[in-house]
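Two complexes come next, and they have one chain in common, chain A, joined by chain B in the first and chain C in the second.
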Partner chain A sequence: MMLKHDLRLALRSFRRNPILTALTVSAIAAGIGAAMISITLYHARAGHPIWWKEHQLFAVTLDARGSDHTGEELMRHPEYPPDQVTYRDAQALYRSDIPKHAVMMYRTARVVDPGKSGVKPFGVTARLTTADFFPMFDTPMRYGAGWGRAADTTPDPIVVLSSRLNDKLFNGANSVGRSITLNDRQFRVIGVADRWMPQPKFYDMTTGAFDVAEDLYMPFGWATELKLSPAGSINCVTPSAKVGGFDSLIDTDCVFMQYWVEIPDTAALRRYQQFVDNYTNNQKQYGRFVRPTNNRLYDVPAWLDRNDVVGDDSRIDVVLAVVFLAVCIVNTVGLMLAKFLGAAPVTGLRRALGASRKHIMHQHLVEVVLLAVIGGAVGVLLARLGLWAIKAMTYVPGPDDGPERRALADALAHMDYSMVVLAIGISILTGILAGLYPAWRIGKAAPASFLKAQ
Partner chain B sequence: MIQMHSVSKVFRTDVVETHALKAFTLNIEPHEFVAITGPSGSGKTTFLNVAGLLEEFTSGQYLLDGKDVSRLKDDERSRIRNEKIGFIFQSFNLIPDLNIYDNVEVPLHYRGFTSVERRKRVSAALERVGLAQRMKHIPSQLSGGQQQRAAIARALAGEPRVILADEPTGNLDTTMSGQIMDLLEEINSSGTTILMVTHNPDLAMRAHRHIEIVDGTLAGSRAGNRAAPERGDVAGAAIAAAGPGATAKQA
Partner chain C sequence: MEIRHMLSALWRTRTGPILIAVQIAFALAVLVNVTYMVEQRLAAYSEPTGIDIENIFWVSTTAYTPDYDQKSALESDLQWLNSLPGVIAASASVTLPQVFWGIGLPFSASADPHAPNEGSRLYMMSARAVETLGLKLASGRTFSPAAVAPVSADVGTALGKWAPEVLITQTLADRVFPNGDALGKNLYVGLVNRSAKVVGIIQTMQGAPITGPFSRWGRQAVIVPINPPGPNGLYLIRTHPGRQAEVMARVEKEFVDRVPGRYVVQIQTLARTAYNTRNGLRTSSIILGVVTLLVLAVSAIGIFGLAVFNVTTRTKQIGTRRAVGARRFHILRYFLVENWLVTTSGVVVGCVLALAGGVIMSRLAQAPRLPLYYLVGGVLFVWALGLLSVLLPARRAADISPAVATRTV
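For the complex of A and B:
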């Protein structure tokens, strides 16, 4: 009941001092707005794209670098092994049966012929991957399913389309069983992935941590069958390794493949680490892996950290925004103190009429928290405006941008419900922090001292 | 009703120490109407503040309605203020942006009454002071006398045992002062103890007893023109409590 009464008093106080009220709301809104912009951007970058199994999935990295690998002096973390693996190492790792799932893969480019008059062939991105990709990354399927391991080696002329490509080729209809033409070869559609856009795109960040998924997925066996060159980063890590044709690429120490495993238990993980180390130690007899053993398995959060997905800039932005919020809170403390002391005679009167110190503190805290919530709401609007401006400045729509790329740009500057809830929480905390001292100060004085001022 | 024994109040700053009340001893019986006079700065308002638990005293003992209030915590002091004491101030001290109804309702909120109970009490109090038709007016729309009556209604709404009035007629003309005094006498007749600070000797004489405070001490006490309350020889008891030097004049 006192809460309702105190809320009424707070609203009355706002009406009595509209300018001071507006100043306070502005100070809080500016602090919350700035904080929410930086926290939202940080949140988008520090997201958990596959949080339910992020500690069971591991990127496998092997230090195949030669002793005099150049360019390390420019690297931020020269101690890290390369973030991709060579073809032959991937093949060797794939023989282990320790992981529940294992995936070797890379990105390539293909041309689709829609087979319709008037529609020109167009380029697409394709992921050459082994079968476990779909169960391992829990890829949602709209129609059909992925393929079994046998299809990788044969290889079968089958593909899984992204929903984006399925929309383009088949107007979103169930295309399972239908055929598409990729560089003059027919492939049968066995599945269509549902809209899937893990952010960051953790399983392959060589083309950017924030990117849309590939247009289609092909069994890995087509890599050698069609000699498909990677459409991503290639890094030759020994002096003798050179990028030539596809045949030389898969036979040299040039890394271009991503390798992931799913290992649910720690004992198996230790065994797998041992397996990997044994493999590279064994390779030393062939003159490879000349450096001290440095093979690392990263779970998803560690992998994002290793790749600096959330850069120091983002963290510094958050710190600066929190400092700015603190300045706004201090400012609000001053404004509230001025406001409360200005109304001290009425407070003294209320004390004389029976309000206890607790009543007075409660009444004034309710007022500040209410102001902070209003300020927080305005701050959220400011943050949305700021994020919209940031998106407008950083994302220029291209002519070929589909809805997914636009959705990606939106996602990076989007305040979801968790952010709004966080903003409300920060607002209430701001109100309490800003109101505690003024409310305590006004509450502790003897009522007679204020009545004298009346 | 109010029993103070050797109560002192010292205000201290870095450079000066002011003894506002010095070994102040006083006994006020239930239903008494006591007028307090004295020169400016003599300690009248300090006495009223201490009596009303608005200010803590430095030493001594104070029994209010039989309860020792010397070492109470703020919550308890506030509760007693709310339930047992009504205040009337010289400058009315109405909250300017609340209408009269809301002003009278203020202390009832801290009592935890339901809205129905509050409405009943506010209406009754305003009816009693003759302001039932003005309850939606804000203070600035009323005359000084009406504002003081509203303040009296606020003091009455909680049905206090004692009303402390600090120069309640100080800002009013003679006619209005007379009306306010009539109202206070009527309230006292119905059983409420009243302590009233005043500079007006004529009004002081309308009380049962008239005491004088000089330099923070009780300088004198004598009976006023108002007939003493029925319960016991109030004036005599008070004189005894006031100590040597006090005089008495039976009405």
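For the complex of A and C:
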């Protein structure tokens, strides 16, 4: 009842002073719009791609670096071990049966020949991985399933396709049992992954934290069988590492593989850390792992943090937007104060006619909060506009971008419902912050001071 | 002057001026720090590359049949590309300039693998690399045709075999050979344990626009003459000015059918590539700039609003002053000086905020500390902005007629 009355008074006050009202709404809208843009961008980058088991999956990193490593003094965290492991170390780690699941993998490039006349061969990205990839990362399957560990060592001529590639080659039909040609060799399709795009692509961020998943998956044994070079990052971490062809790559201290384990309980995690440390300590006798033991297991949130997925720019933008919102709030305080004091005679009259000090304060606060909520609504629209503009500036369409890459650009500038709820919360908070002092000030004044004739 | 009166008047209605001063303080802190950040980004964005970007385009291919022979494909492609009318020079390469990815190796002046070394970008290119990129040599010569190493099985093998001659940029030469005697010296390559003679020094070659502490690495480059291995092909083609579109169209049409068993992955102008690479720098600069403009605009609105409010509530007093002999100029001066006092108190606090912000930003973004002349420029700008915002209301105040004093409002 009282609130309804206050709202009516607020609307009347807006009509009395439309320019000041518009200025206030636009200041609040600009502040909330900028805050929402930066928070949305931050939120999208600071995602939880596999939240349901993010504390059970661990990236394994070993400090295989030699005593001196070029450029280390420039790094922000020179103490971090390299983000990937060598072929030799991955093979050794894979022997442990402590983890529930373990995956060693890397990315490579292949060429698909559709074998149809008129359709030219095209390049695809392929992930060479051991069998546990699919159960470990809960990869959703549209058709069929992944393979068992035995298929890795044979290796079996089988592949799992992404739905993107399945759409391209088989028009989205169930292709399980069909075969495809990868660089002159036949592979049988045993599964098709459903649309799957974890963001950030936490399990391998060496080609960018926000990237689409590979076009297909092959059993790991094909790595050595076909001598497939990695299509990602290769980092040789000791001065005595020998760069050469594929045979020397898998025999030297160059890291190029991702290694992940799933360990559900802490006791097993401690045993696993012990196992890893024992392994590297044992390697010291061969002149490897010359630095003090520094092997780190990162769960998914720690891994995203270690790789600085959020990035400086997102953080700076959030700080800047919050400062801007603060300026807008201070501005609103000033404008509101001017407005309330300008209408003081009316307020004085209401006080003289019996309105309590508390009621006057309440009434003015309601007015500011209403303004802030209107400003917040305009701000959300501004933010959508701004995010659209940012997407248009940052997304450069490639020659064969599928819907996934476009969806990726959308996802990074997407304002979901949680963001809208947050915007409403920020608006109300803004209103209260901006309104408290002016409302208190106008409520505090003695009625007589306003009633005197000037 | 009437400064003391002015201060006491300000103190009596202090809330409004304090709010404005707070805004000014924030605005100054944002303005100074953001200008500095954007300046650093733009410096990387527009740094000279030393490469004739505007007249180069590239085409990449991938082979997929076992009977594809890289050696003969390379020879025939290069011969064909170099014979096209409008082409200055064409070379094969393993990686592109003006992108962030590439091959890097440690280089040193000594054969000892534990001697101090310097990381550098590596370009494995066929003959005519210097002409193709349009590079200028500071000294020495380009590599001799005989020095170009033949095609190997893969990139790793090619690196392991290396080549007898290399070209390096001046930036790298200065780091590895601080005495300035790089030309003719042996450059040792870590991880492959090879060395080659430095036959020429490139004036400038920026591989990628890099900001922050690693920016030097954007300008450190080694070109090693090796015919790139398969199955991927990458050709850079430099044309005479104005003839790029015509040559590019011809290559796009005819290139894929020249050699069987391969397909064209992409064909693009290097200008486009370089533009895309700078996308992040450009976008973040625009975002930062827009937010700063908004902060300044909102602050200006605040100053303007307060001045309008003051002029409105003081109409009678202004009229009285005019009636007792103050000239329009005095009224104008009163409001300008009053505003200047408010702005300046904001500026003082703002300087502290700006310096604190500078420390935080340099921690966050690993950038060098904010130089002081940015602060000086920011202070001057904010003063000017304050005066401009108050000018209109102050002139309105000066226009108030002395007759107002005689009326009761």
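Simple rule for what comes next: the second predicted complex is superposed on the first by the 449 of 454 C-alpha atoms of A that agree within 3 Å, B and C clash if a C-alpha of one lies under 4 Å from a C-alpha of the other, contacts with A are read in each partner's own complex, and residues count from 1 in each chain.
What we mean here is this: contacts are C-beta pairs under 8 Å (C-beta built on N, C-alpha and C of every residue); 3 or more make two chains touch, one makes a residue touch a chain.
Fair warning: this is a prediction, and the values are worked out from it, not measured in the lab.
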Item checked: Clash or fit (per the criteria above) of chain B with chain C on chain A -> fit
Next item on the list: Have a look at where A:Ala46 lands relative to chain B and chain C in the superposition and call it first, second, both or neither.
Entry: neither
Check: Given the touch rule stated above, what does A:Arg350 touch, chain B (first), chain C (second), both, or neither?
Finding: first
Note to self: A:Leu429 in the overlay: touching chain B, chain C, both, or neither? Say first, second, both or neither.
What the structure shows: neither
Note to self: Looking at A:Ala446, would you say it contacts chain B, chain C, both, or neither? Reply first, second, both or neither.
What the structure shows: first
Check: Does chain B (first) or chain C (second) touch A:Leu7, or do both, or does neither?
Finding: neither
Note to self: Just to be sure I read the superposition right, which of the two partners does A:Ile98 touch: chain B = first, chain C = second, or both, or neither?
What the structure shows: neither
Next item on the list: For A:Phe122, select first, second, both or neither according to whether it touches chain B, chain C, the two together, or no partner.
Entry: second
Check: More residues of chain A are touched by which partner: chain B or chain C?
Finding: C
Item checked: Shortest CA-CA distance between chain B and chain C [superposed frame, angstrom] -> 12
Note to self: Quick check on my understanding: which residues of chain A belong to both its chain B contact set and its chain C contact set?
What the structure shows: 454
Next item on the list: Quick one: which bits of chain B touch chain A in the complex? Just the residue numbers, please.
Entry: 49, 52, 54-56, 74-75, 78-79, 81-83, 87, 89, 91, 93, 95, 97-98, 106-107, 109-112, 154, 158
Note to self: Could you list, by residue number, the parts of chain C that touch chain A in their complex?
What the structure shows: 15-16, 19-20, 22-23, 26-27, 29-30, 34, 37, 62-66, 105-106, 113-114, 117-119, 152-157, 159-160, 190-193, 213-214, 217, 263, 265-266, 276, 279-280, 282-284, 286-288, 291, 294-295, 298-299, 301-302, 305-306, 309, 312-313, 316, 360-361, 364-366, 408-409
Check: Tell me, which parts of chain A touch chain C in their complex?
Finding: 20, 23, 27, 30-31, 34, 67-68, 70-71, 74, 76, 109, 111, 113, 120-123, 183-184, 229, 236, 239-246, 248-249, 312-313, 315-317, 319-321, 323-324, 326-328, 330-331, 333-335, 337-338, 341-342, 390, 393-394, 396, 399, 437, 441, 453-454
Next item on the list: Enumerate the contact residues on chain A facing chain B in the complex.
Entry: 1-2, 5, 12, 15-16, 345-346, 349-359, 446-448, 451, 454
